[in-house]
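Below, subunit A partners subunit B and then partners subunit C, in two separate complexes.
Moving on, here comes the complex of A and B:
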């Protein structure tokens, strides 16, 4: 039994030790690096948002949450695909949680809201999914960098070139009527028509279009060699389904933006997406080692194949890790961090090629023309059938000349007649 | 106007009719603007999806969707709505709340990916209708829509329950005064209306696919149908569905830039001149 005096002695000894020792330990341990991650976790895009977070977390799970002796602290906030919410959450992350930088978001409107906010205060903001062309072109912001991300028009220009080589002369486009759709279609139409192709007709429909049959009816009679589709989420599923049930599949080839054949769309469908050709800077069925390892790891961890959201944020996390390591974890020096991020030549990511930023803060990398096929176990995935090396957001144009042409819109698609 | 586009409009109208007829029954008799109708539609679709995937039987999945949603309607009416009888605003807010809760529940259970109810091979592919090839499944939906209309019409005009419902639409107090248990009629109608939402979800699950927010889209369409057709009118729901279905199809073909305006513009005009809808009657 411990008597009272003994207890007092021991506790005072403990107190003495702690008053001397513990603060020293605390002083030796540096403050954590705080990252603010934003994603839509409620609403229509909740599934994509969840995959975004999963991809980001997977990197840290595998590689440890510590850089240069500093712990990594990730705070996840839900932007609900709403610009007001995104702005409010970005403010909270920066001003209350005191994060060192921001990353994430899916929809362009949330991305633009946050970009506009950090424009004023210089907080670094990384956007692996926000694709709005002008964020790294005409309206670029020095502290907004598109690590591991992409723009719409950058992706579809190689597809246009490939289509010309595949012998397609006349193409019609079907697209959602908003900025991302305009850019995806614009990149395709400009390169396709400059190469001698012809855009027969363009169909624009509002987001969440319940019924594609009116367009499919007209598409049947146009006599085109291929149809270019630019649809995201539920629109993409419906489009593929109705394209098949109206008997166009097998008659007119379907090519499209990466979202039409993204894992988030094709994994729940039957045979409808088979043989669809799309373009992206990654292909989950790619054969290089880093891609194979990432896909296998992701599948083991989450029981599904990775989509664009998980892949880009996993790669983005690797990018940040390399940059943070290069500056010795000194994340408070924003200039140094941004400079380090700009200087990284990223290898060994699921993007499958060496990735680096151009002077405008946008990545240059290989773009794959991909086709949906079945894996041995019957799961559908995208395998590369052609590779375009070192594709820049300006394709083969001179950046300054290119940026003098207007941004893509419904009325300006860069079509050369 | 090609046969093809007319069929597009009619098949879409058939789906709208199935959902909107349930909405208008409840609205007409119980005076409840059931904003959870869309959520019940979506839940029905998900139930259909789960049963169809588990058992492989399309027919069974349809029955399960209807029965499941009828039961959900029973629960909704008995546990929640009974406390707010006669308070319009509270009913609207309550059903809106239920819609939001159901939405989040479906998101938790089925996730946010887009699903489609698997259909049997008999209904896959296209059939030859006159001069055009047309998807069999859409023709099937058209058939179910017409059948639903006939059944509902017979029920309303030739049966005792139908007579009670019609009487209840006109004057519920009078019906009760003549010794009828109007509460039971209310409950049956609510379950029937919900079952129609379930049927719609099951068909719509393969027609328009299932995903979060599919509920609010169909709800907006069915509200437009009911507003145009007139509250509680079956014929109104049928005419409204055909109108909206056709406007939707031809609006997209002729004025793609104004796809939504061509549906809701005429609706607003109609409201200005006939606030009760085409077949609505003042009570």
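Moving on, here comes the complex of A and C:
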């Protein structure tokens, strides 16, 4: 009769042998690499979520779903932009589908919830869109890496510098009142005021604001040189429309976060977004070969110009492919995977030039100041008008000193008076 | 067998209790961690649904604010561990206490009205909590919510946590059943059936409903506190209206006024959601159709329907011996 202890000893011995011996090699050649991709496919952000999946799939379609003899298996789950749903789906992907790592999500709250979950179990989690500053700063988690992603404040600091050089002295900001908006505005306000600019006033409104007239009315009389707008999705469309119908277009220039002029917004509008200046780590109207090839391929496949969601996940997929190739497809070794991902110097993506992670797990790359213009066929797109090279999430500050200042919030915007 | 049921109801209820306990005890050994997580979630949400049932099924007041009470406890637990550095047991107490106090405030405002006005007033109160959680970002983290680190040590093992959740859930069930079957609970049922009669008999209707509301809020808070440890994360979606609606739906689908139906409702809704969403992203349509079907064919809920059928069966036996 086998008692329990005996059984345990035997089975652990078997496990030890199989992890050391030949079965591991056989398994490595056969078992697929399982990727869990999460995106909001229902709810307000469903359109963006769909583009995210499209961008990710486009890479694999073009480059084959096989690395080092192992098939790539992608399981897509809908996070519904809801953190509780995202957590539930992450649990399912990790504990039921047994994926090797997770990637995706759009809203910061879903990303933060999933990040907190993988913090406990060490599953690698890659976040090409989740922009919450602190995920790669004050509250970073070793197995959460922002491949091909960005933080809010990283993007807007070059724009602030560019604005000063463009001669803007006084700026007012209009933004959605949540963490992403606080960070986008914070980065701009801090760099802008440290460079001698003045933030005249800041307007915060709740998400899904239908009427901007109270803010636009006040903006008219403030005597500012430019308006900084931080709006996403439908708010961005409404803001651009009302900014135009209020007659401010052509009078007070509009500069803004990348989402104001993202393809997902401007392709749905008429002439309202023309000439808006924004900042991002990619511009679909860029003239380098990799960008042109990606944009043409995406347009051919999906009959539209790529947005930030598709672009970052396409680039993220390339990043993962290079890392997985470097470790010979041995995705079970999480440490090796994370190390490989950290070590990649990514070239030939729509993110332009060379992209690599800083020691905090956040990419350093060129940031473009972009302007909305019309292409020859009349489609609007963002064309780079200035480039800031190798922009870090800490801009020109020392990381440790920088992280001692509080996170950006409605009350702390880093404004130097 | 049915004869035995009628002659030995105590024996049958003991047997079924032992059966349920046996199933609960075997789950950790047969289920994988993911499924055990779902079982844990069902046990937690059943507490929420039962707390709603105490009001909706036994006191004749249908609330739409229990998600907010539940989520308030969740917020307090994570906040008090993160910011006040309280040990987890103390934080859980803080969470339950906060939910109870909140429900007392809600009760003071809402007990005077009934019917659709009660529904709307509690809906509005719940939305206030949601608004505060969303906008007071210095404290609640706004849209981003609060991240906790509560599943440390033994709690990180889902089996251990499952055992705690199951014990809590059983405690809540027994306590609430005792509550609704007590003389106080019978008075509540009297109020449900005819408020004016109870008032004219000299019962203080307002006080009774107030106390029922607070007791119900206490259990919603208990569920929310455990949920904080389970999810390790809280955001405004925990206090939002869909949470209240979902809790109410669980109670209704399982069978309002049955308590035990809450388990059936919670299990059905959570499993259906997870099962269907694995096949289609349009899972809400399927879920909606199921609700419609249940309301058409078993408006008294699943357990309610079963009770009705067995009662009819035994009655017909009684009349034709």
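Structural remarks
What we mean here is this: the second predicted complex is superposed on the first by the 388 of 417 C-alpha atoms of A that agree within 3 Å, B and C clash if a C-alpha of one lies under 4 Å from a C-alpha of the other, contacts with A are read in each partner's own complex, and residues count from 1 in each chain.
We adopt the following convention: a residue touches a chain if its C-beta (ideal position, glycine included) is under 8 Å from a C-beta of that chain, and two chains touch if they have at least 3 such contacts.
Fair warning: this is a prediction, and the values are worked out from it, not measured in the lab.
Of the two partner chains placed by the overlay, neither subunit B nor subunit C lies in contact with A:289.
Of the two partner chains placed by superposition, only subunit C is touched by A:83; subunit B is not.
Of the two partner chains placed around the shared chain by superposition, neither subunit B nor subunit C is touched by A:271. Looking at the shared chain after the overlay, A:389 reaches neither subunit B nor subunit C.
In the superposition on chain A, A:44 makes contact with subunit B only, not with subunit C. Touch criterion not met for A:66: it reaches neither subunit B nor subunit C. In the superposed model, A:335 makes contact with neither subunit B nor subunit C. By the document's definition of touching, both partners, subunit B and subunit C, reach A:206. Shared interface residues of subunit A (contacting subunit B in one complex, subunit C in the other): 42, 206. Taken together, the subunit C residues at the contact with subunit A in this complex read 32-35, 37, 41, 134-135, 137-138, 141-145, 147-149, 151, 156, 231-233, 235, 237-238, 274, 277-278, 281-282, 284.
Taken together, the subunit A residues at the contact with subunit C in this complex read 41-42, 78, 82-84, 87-88, 91-92, 94-96, 107-109, 112-113, 115-117, 119-120, 132, 139, 177-179, 182, 206-207, 409-411.
For subunit A in complex with subunit B, the residues that touch the partner chain are 42-48, 50, 203-206, 208-211, 213-215, 217-218, 233-234, 236-238, 241-242, 245-247, 264-265, 267-270. On subunit B, the positions that touch subunit A within their shared complex are 2, 4-5, 8, 11-12, 104, 107, 111-116, 118, 124-126, 133, 135, 137-138, 208-209, 211-214, 217-218, 221, 248-250, 252-253, 256-257, 259-260.
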